[in-house]
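In what comes next, chain A is part of two complexes: it sits with chain B in the first one and with chain C in the second one.
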Partner chain A sequence: MAKLVLEHLTKDFGNVRAVNDVSLEVEDGEFLVILGPSGAGKTTTLKLIAGVERPTSGMIYIGGKPMNAIEPHHRNVAMAFESYALYPHYNVRDNLSFPLKAPGRKFAQQEIDRRVEEVAELLNIHMLLDRLPRMLSNGQKQRVALGRAMVREPDVLLLDEPISHLDAKLRHRMRTEFKALEAAIRATTIYVTHDYLEAMSLADRLVVLKEGSIQQIGGPHELFVNPANVFVAQLLGHPQINLVECTLQRTNGVLELISTDGAIKLEVPERLRGALADGKLDRVLAGIRPQHLGVANGHHPASNVCSGTVYVYERLGTKGTLTASVGAHRLDVLTSIEESFVIDEPVSLTIDHTQLSLFDAQTHKNILFN
Partner chain B sequence: MAEVRLEHVYKTYRGGVEAVIDLNLTINDGEFLTLLGPSGCGKTSTLRMIVGLEEITSGQIIIGNRVVNKLGPNERNVALAFETYALYPPLRVYDNIAFCLRARGVPHGDIDRRVREVATMLDITDILDRKPAELGGGQKQRVSLARALVREPDVFLMDEPLSHLDAAQRAHMRSELKRLHARTGRTTVLVTHDQLEAVAMAERIAVMDLGVLQQVGAFNDIFNNPVNKFVAGFIGEPPMNFLPCTATSKGGDVVLRATDGSFSVKLPPELAHKVNGHSSNQIEIGIRPINIVAAHHPNGNGAVEVEARVFTFEALGEEGQLAATVGDQQVLVVTPATEHFERGDKVWLEMQTKRLHLFDAKTGLAL
Partner chain C sequence: METQVINKRMGRIIADGLMVAYFLFALFPIFWMVLMSLKSTDELFTTQFVFKPTTENYHAILFGDPRAAAGVVAKQEFPRNFMNSVIISSGSVLVSLLVGVPAAYALARYNFKAKENLAFTFLSFRFAPELVVIIPLSVIYRKLGLYDTYYGTIWVLQLITLPLLIWVLRSYFEDISPDIEQAAMVDGYPWWRIFWRILLPLVRPGLAAASLLAFVFAWNTFMFPLILGASQVQTVTVSALGYVSSAQAFFNRMAAASVIASFPQMIVALSIQRYLIRGLSFGAVKG
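And then the complex of A and B:
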């Protein structure tokens, strides 16, 4: 176990910058998740930590020691991949002990047995030690693959999209299983994924990466509620956050947002007024999460309400999603799963303006982060 | 446009496999119906019998007011869009769409008008001159749909039309297909094994299993009043929780005790009478993850609640998901975004009595 520090880490492949000035401190024993779309530089970052790739510039420290000049097998970093990559003709015990028997690692048989038993116990696979991989379920294979990384008692454990190759239903189950295993992993862990639900579920802290650069670091809830920019806001949440371009207007001393098509009028909530007080910004993107929109029935106040027509309605999982055409916008609204709407019928929506996020229309940065 | 009626339809394949057994189903004129079931449930056989690609072993299929049993596929005026797009590779998109109209000798001017009309509807006017090899998956899917729709069929059938698309394209096509149906008002049947897709798209859903129609109805009917455990467990995500119990009645009161001994609950009168009138005392409770309220303290107050321990809790932004251990079992609960639980916490799971389902443990039928 050890603290991991990345300082101004950059990696170029030819003239493509895969990792761009990444600085990050991962505390001893922390479970950190790196979230980003494909091509964001997630896997390259892991490879730099493991030593499989050399950084173009910047430093890597594990337990306070610089790692840049140290060979991968001397770093005490273990990596588990997307595919389980178990040896099909070895039973679980031999798969687990394999990394300890590699040339150059001289562990006594007793020590090997102790570690294998301990990890097997932790991951609840001790009753499977004599089985071959083909006799295991996906969940069990997953645990063996994880066990094989843990048995080396690494300082840092790197997990690269360990469950993303599974289909949606199985992935949901495996996520819950993984969540239950999290407590058993004591190494400083970095988990890489492109799935925001995995990231939200598993992370102590979450790092969002885009085109090699860190966009935001923080607790999952913090990022969900207070995204640093439009990219982070859109990456977290399904359906995606609604974005409405607005101009700021001061009428009768009240600060209001009017959408550029004139169809939506929103009051600026108390907590955001300070950031707009200097009057420098006149165009913003209002970010409204689908769960903060509702279907209005009854009286209509003057603002925080808008009208349009039903574009489409879908029931998905535990909720329904109403997509409404309002002016030039399509707004997604989360509803109870038992609602029904008819396509092209009129509909009025209420907007919980207190939950708004506002972004600079030019830079796409959250106005609270300026 | 037309109504489709299946009356006592059977399909038995050579070798005795009964793919469809006594199917009675009416697809109303202009409605969007989904035929849903796991693979091997008979849904594709049913579709193929409607289209005329498969002979009917017995029973009748009526489209409009015509019995179509003896009619060939080309005489039924139904169109089928496949899972695979089956486009002609050497032909341009335009010619792929126009192909069947030409084969039927439709006048030249009409062909052009109809091809352009359907291309506009599906938003593919800009790719009419391309060859299939130059198209993406979503575009091929649209062309395949256009080719089926250009015939202006009475009934439009789709067999797993979205399964080749990636998640984003699938979501987009789902809305497009629904809007297309709203605009054309054409009788539409979609076959799928994916309950999420069925629930997302259909006005009515027909659930099949092992060749037998289990239940047909609007989403709310099926979701709230499933006729058996299969339908209850198949529709809904995350799926319904089932808890096997033994019932004992004393003076009108009914107590359900978990088979693993982990809890016992007294049923409110409106549910108790269902159990009292039933022959077996082996009952399964069915409750959906969204119909359980998890709390740190017992509600008391006569609520149907069981004590449990938090196995995992995930805060997922819009909502939370709690897996709680009750005896030997795990119960899944969907919680509001504002709640928080820690692994190992004691929790009380209150089941909304109005949404509690009771099934006979042996037959699986709802009480």
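And then the complex of A and C:
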């Protein structure tokens, strides 16, 4: 239980900057998720906090105390590695009790047994306690790695893609279980993932990382609705956000967006007008979420409509995804499962323009964040 | 189907036959050596296979010759030489372990300038024939007072044992993911404890196999103890030469000495045989 603070943390490996000026405060007991594609510096950030890698510059504080000069075994940080990193010559029980038997942690044998049983029960691996790691499936290994991190009560718990190697079904179950575990884990937790669903579902707060730099920090919903840049917008949500390059035009005092191919015309919503008022920008990327597009069945409003043809239609269980060709663009549209479409059939789409996000076409930054 | 089964069985028989043939071929010199060690001097050069076995050669080298002929090894030095071999071989392996395990770890884990050159230099000790370095070495040894001493001999044998240990163990350490070490650090263990509790157990097969091989090589070495040692540190390989002189050639005693000299290697090899096969085939090939 401790507050974790990172100040201008930077890590270079030779000429490669893995972590670039990361500053972050994680509150005591908070569940923070770091989301980013592979190579974004997520794991390196965790290893810096754990102390197994040394920062090139910047400071790390745990519970107010600077940690840079403290050896990893004195930090009281626990970490579950993505590669599991189980000790191959110890069985599951010994792997789980290893952190409890570390020098300087004086646990009675009874207490060690009790905790190991408890965590094994929690993670449903109690029937595997006498097996060696090589006899376990990947999912089981991952749970043992998780158990080894949870078995003692660390100040900071670091979880590196803890459920990424499970199959889809088990992953979904573990995600919900994790949600329940959050209450049991009282440590300040940093959870690293590349899966946006995991991130959205688990995070108190979400940090998006790209090439070692923080793109945005905030609540999951906040990031989804107001992404700071195109990268964050594309990372969150599936199907991905639609991006349409537009020019700004002022006709009869109304600010309008017209796609560069002329096929899409959109009104600029009220809340974005202020940011465009200075007239410096004339080219923007309009981000339209697939759920904010709809099929205009018969009724044709006067504006915020475009027409195209059906490119592909996929039905996925509870929702359908229509991909339509509109001018030079392909737009993804979420539809209800009842709809059906024939390829190349003409279709008109309504756009909920009030939900638009606009990005500077040059810098890819959200115009609201300039 | 029928023919397939027969073909398979024929294949097995041929394979087994080849193995037996190789087995006989490889073991014949040892068989011949044992045979010779049991012959009396009179029967040594007969071409008949039938002879009256005798233990007098063993008795002679271990306890002294009852019919001591002039000009041969007068004092019975074999037991002492045997002990010398034990001290020198195990000493060499021990020193190599102390130096080689950390060196192998460093070569596997850390990146430093000229790392590969250094590793190659260790290996290159095995390329140069001993004869190339033996003359300067013997001059240096005499000047430094290392001539005919245990440390001197153990030191020079590092040329043989150290490269082997370093190269086998390096690939073992490379096979251990750094994540495992880091996990142990985070779990609360200082580095040296991790080394004892995690790393050493994981490289044990390689350690056993490489130490054994190093021991055998050290035991069999001939040139270094011959030139750089004299009576004080004479090993069995060198002393075996003493049974053959210009006056008389006791090939049977030489054979008996060789038979006894091969016991330690056999005992060590048999006791860690399971490591030997796994140890040398495991680490080198990465899965």
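Note that in this section the second predicted complex is superposed on the first by the 311 of 370 C-alpha atoms of A that agree within 3 Å, B and C clash if a C-alpha of one lies under 4 Å from a C-alpha of the other, contacts with A are read in each partner's own complex, and residues count from 1 in each chain.
Convention: a contact is a pair of C-beta atoms (placed from the backbone, for glycine too) under 8 Å apart; a residue touches a chain by one contact, two chains touch by 3 or more.
This structure is a prediction, so every number in the text was calculated from the model and none was measured.
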item: Dominant toucher of chain A (residue count), chain B or chain C; value: B
item: Which superposed partner A:R315 touches (first chain B, second chain C, both, neither); value: first
item: Touching partner for A:H89 - first (chain B), second (chain C), both, neither; value: second
item: Chain B versus chain C as contact partner of A:G51, first or second or both or neither; value: second
item: Touched partner set for A:M79, first chain B, second chain C, both or neither; value: second
item: Residue ranges of chain C in contact with chain A within the complex; value: 177, 179-180, 182-190, 193, 198, 201-202
item: Contact footprint of chain B on chain A as seen in their complex; value: 172, 175-176, 179-180, 183, 196-197, 200-201, 220-221, 224, 236-238, 289-291, 311-312, 314-319, 323, 334, 337-338, 340, 343-344
item: In the complex, chain B residues that touch chain A; value: 174-175, 178-179, 182, 196, 199-201, 219-220, 223-224, 237-238, 289-290, 311-312, 314-319, 321, 323, 334, 337, 343
item: Contact set on chain A toward chain C in their complex; value: 47, 50-52, 71-73, 75, 77-79, 81, 83, 85-89, 98-99, 102-105, 148
